[in-house]
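Per-chain residue numbering starts at 1, and chain names A, B, C and D are given in the order in which the chains are listed.
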Amino acid sequence: MALKINLNADIAEGWGAYDIGNDAALASVIRSANVACGFHGGDATVMHRFVMQAKETGCSIGAHPGFNDLWGFGRRQIKMRTSDLEYRVADQIGALQAMAAYAGLKVTHLKAHGALNNMAAEDEEYALAIGRAIKAVDRSIIYVALAGSKMETAAQKLGLPLAREGFADRQYEDDGNLASRSIPGTVLKDPAKAAEQVIRMVRDGEIVSRHGKAFKVKVDTICVHGDEPTSINVATGVRKRLEAEGIQVVPLTEMSLSS
Amino acid sequence: MALKINLNADIAEGWGAYDIGNDAALASVIRSANVACGFHGGDATVMHRFVMQAKETGCSIGAHPGFNDLWGFGRRQIKMRTSDLEYRVADQIGALQAMAAYAGLKVTHLKAHGALNNMAAEDEEYALAIGRAIKAVDRSIIYVALAGSKMETAAQKLGLPLAREGFADRQYEDDGNLASRSIPGTVLKDPAKAAEQVIRMVRDGEIVSRHGKAFKVKVDTICVHGDEPTSINVATGVRKRLEAEGIQVVPLTEMSLSS
Amino acid sequence: MALKINLNADIAEGWGAYDIGNDAALASVIRSANVACGFHGGDATVMHRFVMQAKETGCSIGAHPGFNDLWGFGRRQIKMRTSDLEYRVADQIGALQAMAAYAGLKVTHLKAHGALNNMAAEDEEYALAIGRAIKAVDRSIIYVALAGSKMETAAQKLGLPLAREGFADRQYEDDGNLASRSIPGTVLKDPAKAAEQVIRMVRDGEIVSRHGKAFKVKVDTICVHGDEPTSINVATGVRKRLEAEGIQVVPLTEMSLSS
Amino acid sequence: MALKINLNADIAEGWGAYDIGNDAALASVIRSANVACGFHGGDATVMHRFVMQAKETGCSIGAHPGFNDLWGFGRRQIKMRTSDLEYRVADQIGALQAMAAYAGLKVTHLKAHGALNNMAAEDEEYALAIGRAIKAVDRSIIYVALAGSKMETAAQKLGLPLAREGFADRQYEDDGNLASRSIPGTVLKDPAKAAEQVIRMVRDGEIVSRHGKAFKVKVDTICVHGDEPTSINVATGVRKRLEAEGIQVVPLTEMSLSS
């Protein structure tokens, strides 16, 4: 039986007159899209346009909630009450559900954005707040969680479907955490190296840290980026390599996930 | 068989640290609430709090979308593309649906806010944009329309359930339009006079204009306000008088509406 | 004595993570910059970066206030109280003055943005509101006004220094108004044609309408655009042609302006 | 020679249709106002109204910059680049300067708001960013700093005029820090106790901690609050007691400050 993996990316993060990212190129590479929902980026028109495209391409649709911090594009770490955070995540899911209705689609996963994703990876309270929002709005929504993070724990505690996420273009530390972007070389810009890392994750269930240490990991989805020319090259290279190896690249909804 | 009427009011329009209006007093008077959805006012925390209360009081829940103009509180007239308007209305419905899910409630009606309501009353393109948003997200949502306005026409063209609205505390012109607030005396501050106007609308299907001309009108819901001490007195007075006259005050969902 | 003219353009309209326009190319063409001030676009970081560049290039700095409508990028027509409009314009001037202080520069002109500019061209109340804001904050700031518009009248009534503006890349109607962009051909994309129109304005004080009618006009500054490849080509072509004709292209502060 | 002290409070924090706080009552108690500048609260209309009042009452005007976080009312801790923070503080000063020009007033001090003030008290990088903004825009602006905090250090390093601040209605720890609001009793609601604490600070240069330990402190200005009925009572009580003791309550501009 063929191996399967999902590729996901953040998408539709423009807002009003402002455009950002490289949606067209990314959309042809990934099979699941994390759609910005209007808080850190994205707006109703941008969401609408993307869900109509997703209907054509068969890309599955996920909410990509961020902090209510448009200026900071959701990249600033913000301390807030977890109940306030939870309701804002629910609000963002609802907004995307309404837009998805235009295309007859459902919102089938959720991946937190930027600083919220980073904070929730380490802070179980934030991770649980995200999970409770999912549970309140639609408990069939898949919680995309950095493999090994507090989000994984939160999804399990709440009994939510869980997709463990690995990164194509980021190096890891020995303990399984992502290496900081500020360390030179930790962002992989060579498609071949990124593809190698992904193949190893998918086929062998292993990541090799930047110091050469191998550790076990179970990954259901691979995050790729498209904001820079090198990152879209990496994404494309990973996709091609996966297919060349006979690994099926499928929407998250076609992965066999635990809950 | 007893006459029935609905009382509705705008509610939950606070935002962040900012509070506005008189939700507690209003909530005990009305049977259907127009809940602000975060664009002109309202936020996820405020929405959440109100839907939980509505669950207790049996008040039915409606979306109250406004222009994306928080500073102007949705009261500034804005010209925008109707497709952009439509998607923003859909977005607001979705946000409230997500919050309503916390209470196990559904969003059962929609009433546009402020300048959007005023513009859509006269501009069929705006009125249709609102209606198309309803149709895309949930076509069972009742479109609350100023009786005789372009919104009424739009709801009918789109085949949406329609609730025709009258006002308790505003005088009318001979042609059935609301008299401008800027004309002294057109805002009714005497509960007895407002109640008289409402009773006549509900029992006789008639409004008497400020010049004394009577005209026919069919009204399913009466809008009351709570932003000033006199307006909450008016709302309370109207409710009591209706009940004293044996007229049932029910949620919009219990009215017999045309579509 | 050599003829002189100013070239101006809107600039620095990015916001947070969002970029827009083509600042670098435009900055080398123009001599006066209309700097967005944070309401329709622009933010403190973007303003700061640009004023530091302007210090190097000798470009004079103007405020470019718009409606408080970031989502609409200031392009939506909004009806608001003129006092509210006035104070918001003053606020935007002040914000840019603070950033200009970093470069030891002064804010020497003001040009309204987008829908505000369009509305103020026709509505004297809006035009006066802008002028009163200038007068309150710094009455030496030059009011850039579409030649022949209500803004010109407002500047004169308030005794403010006035720069009459013509357009390089837009055709005119017989009555001196700009022809609507929606009419095919009214946006000039051929640098030679645009340069010809500008030369005629500057040297002969004449504009030839799209129907071939010539009318007199006095123009102190020419607006160019840089948002599209054709528009930056036009801007560059106009600049070169002006210099080839021996016409000096100078900052607004070096023009002899009436008040 | 009579002792002198300043009383300051946060003011003019409404925004658009939203009102907050108790400006009228506070304005009659304080002599220096920290005026919100539009980022965490406050807008051009609200600023304008207040500066016109301040002109009448002789209250001196200060900028009250906060994080660009309107929803959080500037109370959420946000991590951001210090250069971005600095430019936003400068922007807010400039906005208030423009409004102050309407009243012929100058912005003579600055006090940071909410979470920014709390973070800058402990984080010298944030404290310096605020100070650099002051220095760039107008180096005669007084930096109001919690006595003994990193802001005090920053003001001194940058050579800015400094006003050390004490609190009327908050208890202190033995080390001179404010006791957390979450500890019962640390917010003083009894005007007599607050007045006692203030008199001791002003006359004796001493604070007695909540554990009874006295420590030396030099205070130029006392912060009072008006957001709750008890806090406005405290503010009024403190003012009366100071005057009864023959201590002059003056604007910050009349205090003898170090730099």
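One rule holds for everything that comes next: contacts are C-beta pairs under 8 Å (C-beta built on N, C-alpha and C of every residue); 3 or more make two chains touch, one makes a residue touch a chain.
Remember, it's a predicted structure, so these values are computed and weren't measured experimentally.
Undergrad: So chain B and chain C are the same sequence; what rotation in degrees superposes their CA atoms, nearest 5?
TA: So the angle, rounded to a multiple of 5, is 180 degrees.
Undergrad: Taking shared residue numbers divided by all residue numbers at the interface, is the value for chain A and chain D over half (same) or under half (different)?
TA: Since more than half of the residue numbers are used by both chains, the interface counts as same.
Undergrad: State, to the nearest whole Å, the distance from the C-alpha centre of chain B to the C-alpha centre of chain D.
TA: 43
Undergrad: Rounded to a whole Å, what is the gap between the Cα centroids of chain C and chain D?
TA: Chain centres of chain C and chain D, defined by C-alpha means, are spaced 40 Å apart.
Undergrad: Give the residues of chain C that touch two or more other chains, as numbers and ranges in rising order.
TA: 43, 71-72
Undergrad: Which positions of chain B touch chain C when the two form their complex?
TA: 68-69, 71-72, 76-80
Undergrad: Please output the residues of chain B touching chain A within their complex, sorted ascending.
TA: Touching chain A from chain B are residues 38, 43-45, 47-48, 83-84, 87-88, 90-99, 101-102, 136-138.
Undergrad: Which residues, counting only chain B, touch chain D once they are in their complex?
TA: Contact set of chain B toward chain D: 14-20, 41, 43, 70-73, 75.
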